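By letter and in written order, the chains are A, B, C and D; residue numbering begins at 1 in each of them.
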Amino acid sequence: MGDYRFKLEFEVRDYECDLSGIVNNAVYQNYLEHARHEFLKSRGLNFAQLEKRGVTLVVIRIEMDFLYPLRSGDKFYVGLNTERVSRLRFGFMQDIYRLPDEKPILAAKVICTALNDQGYPRVPKEFMEQITSGLRI
Amino acid sequence: MGDYRFKLEFEVRDYECDLSGIVNNAVYQNYLEHARHEFLKSRGLNFAQLEKRGVTLVVIRIEMDFLYPLRSGDKFYVGLNTERVSRLRFGFMQDIYRLPDEKPILAAKVICTALNDQGYPRVPKEFMEQITSGLRI
Amino acid sequence: MGDYRFKLEFEVRDYECDLSGIVNNAVYQNYLEHARHEFLKSRGLNFAQLEKRGVTLVVIRIEMDFLYPLRSGDKFYVGLNTERVSRLRFGFMQDIYRLPDEKPILAAKVICTALNDQGYPRVPKEFMEQITSGLRI
Amino acid sequence: MGDYRFKLEFEVRDYECDLSGIVNNAVYQNYLEHARHEFLKSRGLNFAQLEKRGVTLVVIRIEMDFLYPLRSGDKFYVGLNTERVSRLRFGFMQDIYRLPDEKPILAAKVICTALNDQGYPRVPKEFMEQITSGLRI
């Protein structure tokens, strides 16, 4: 359990579980994406509105370590930190912990860029700052 | 907007929206299922535990009227009422309203039965009562 | 097993199955939607291109009878017929059968309309004809 | 484009695309999982049957590089190779290419283990051999 800029709580829904009775691996990506979009909103950045302004956020790499499975009805949270990787790349470190026992479930690193309306990578400077700077919550 | 035995609030997640920028039709079934399972839990009936006891809840018919689409970031709730249809069938009337304006989004009727561990329809009497009786919330 | 204008074969993917070891109910809507879009394509009507031309196909009502569950690895097909319901509405009768034994799995009726770019129901006449007329396959 | 032990063709379905008009990132994990399970089947190893025999295949790490997005209607294939990582771990190298132009879409590495029915990692020797050895197709 770490110190995160942003946390979002969830509860597993039964339709997210698969044959094995545990949350399907792909669903964790949904959780992570939703947590990123909610983090952006908390910084005044709405994903759908950014799209309309010609700024498309794009994931270019994901690394995920699956530590322990979530099951039907489990509560959990996604903790999120950010970092500037380069002029064109920024990263989200995202970890999932089960509640209330804080058991580590997943550790992920998600590298992103932004595309302009011609499809070229371009991360507006103020956007990079909004995402990667700022005091921790 | 009606008078419901059970209500559950949700918020649209971006990954639930499709090409058209609105929540994909199939996702409403996920919302409805999650609301039913949470209703069952509120009555002391856990879907996954029922499975282990050899009682499998099965949907046999769904009718859904799509009244207005939900979009990225919309908040909404599912309102739920129940009825006994026959000795072997019970129904969930489930409606979705957007928040905070209570705009009607979807009206659904979901008819269910329960299968025993040999796969035959059998709805234990106390189970039918737990689901279909009781005071409104 | 009936006589259909259009048929599309699928195979159940494991991630489409849920806790109960069977295809999750909501996934059938995905199958039905995919079959409708492939049918439209077979008539020269691409869903995504129609969107860009300002014709948005909208489902307004779905009725589904769940007759028997599909399981991991099952092969099946969706059979599809169409009908003109009114000047503004057209319907898809869609049935799912397991392969190779043709066991009936699901019977659905999906009522649609089309919205113009102001969001009003308007079904261009030639569009209605392309969808609802024509010889059976 | 490489030399793969196993290839599986797919076509993008509209419901797999999101707000941005491209396949949602999490859906690629579905594609990869389905390709792995079909590969296992091609080696005589059925995922659902393995579960019943007390051998649960578990993904412990995924790395994915997203190179270019897939869109509505795109055809593509997943190419798959395997390697023995350690006595308890095996890996799937999985790449996605668009068809017919073989444009690289995604490069992934998926590390797995198997759990016995007490939940401990244990990869039966013949299972490791079935997965990681053998002539290329």
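Just so we're on the same page, contacts are C-beta pairs under 8 Å (C-beta built on N, C-alpha and C of every residue); 3 or more make two chains touch, one makes a residue touch a chain.
Note that this is a predicted model, so its numbers are computed, not measured.
From the centre of chain D, which other chain's Cα mean sits the farthest off?
B
More C-beta pairs touching across which pair, A-D or A-C?
A-D is joined by more C-beta pairs in contact.
On a C-alpha centroid basis, what's the spacing between chain A and chain B, in Å?
Roughly 29 Å, centre to centre.
Using mean CA coordinates as chain centres, what's the chain A-chain C distance in Å?
Comparing mean C-alpha positions, chain C is 34 Å from chain A.
Using mean CA coordinates as chain centres, what's the gap between chain A and chain D in Å?
A distance of 23 Å separates the two centres.
Do you know which chain A residues sit against two or more other chains?
In chain A, 14-15, 17, 19, 21, 24, 26, 30, 33, 47-48, 72 touch at least two other chains.
Would you pull the chain D residues touching chain A in the complex into a rising list?
19-20, 24-27, 29-30, 33, 47-48, 51, 56, 58-66
Inside the complex, what are the residues of chain B that reach chain A?
13-15, 21, 30, 33-34, 37, 41, 46-48, 71-73
Applying the document's contact rule, which stretches of chain C touch chain A when the two form their complex?
14-15, 17-19, 21, 24, 26, 72
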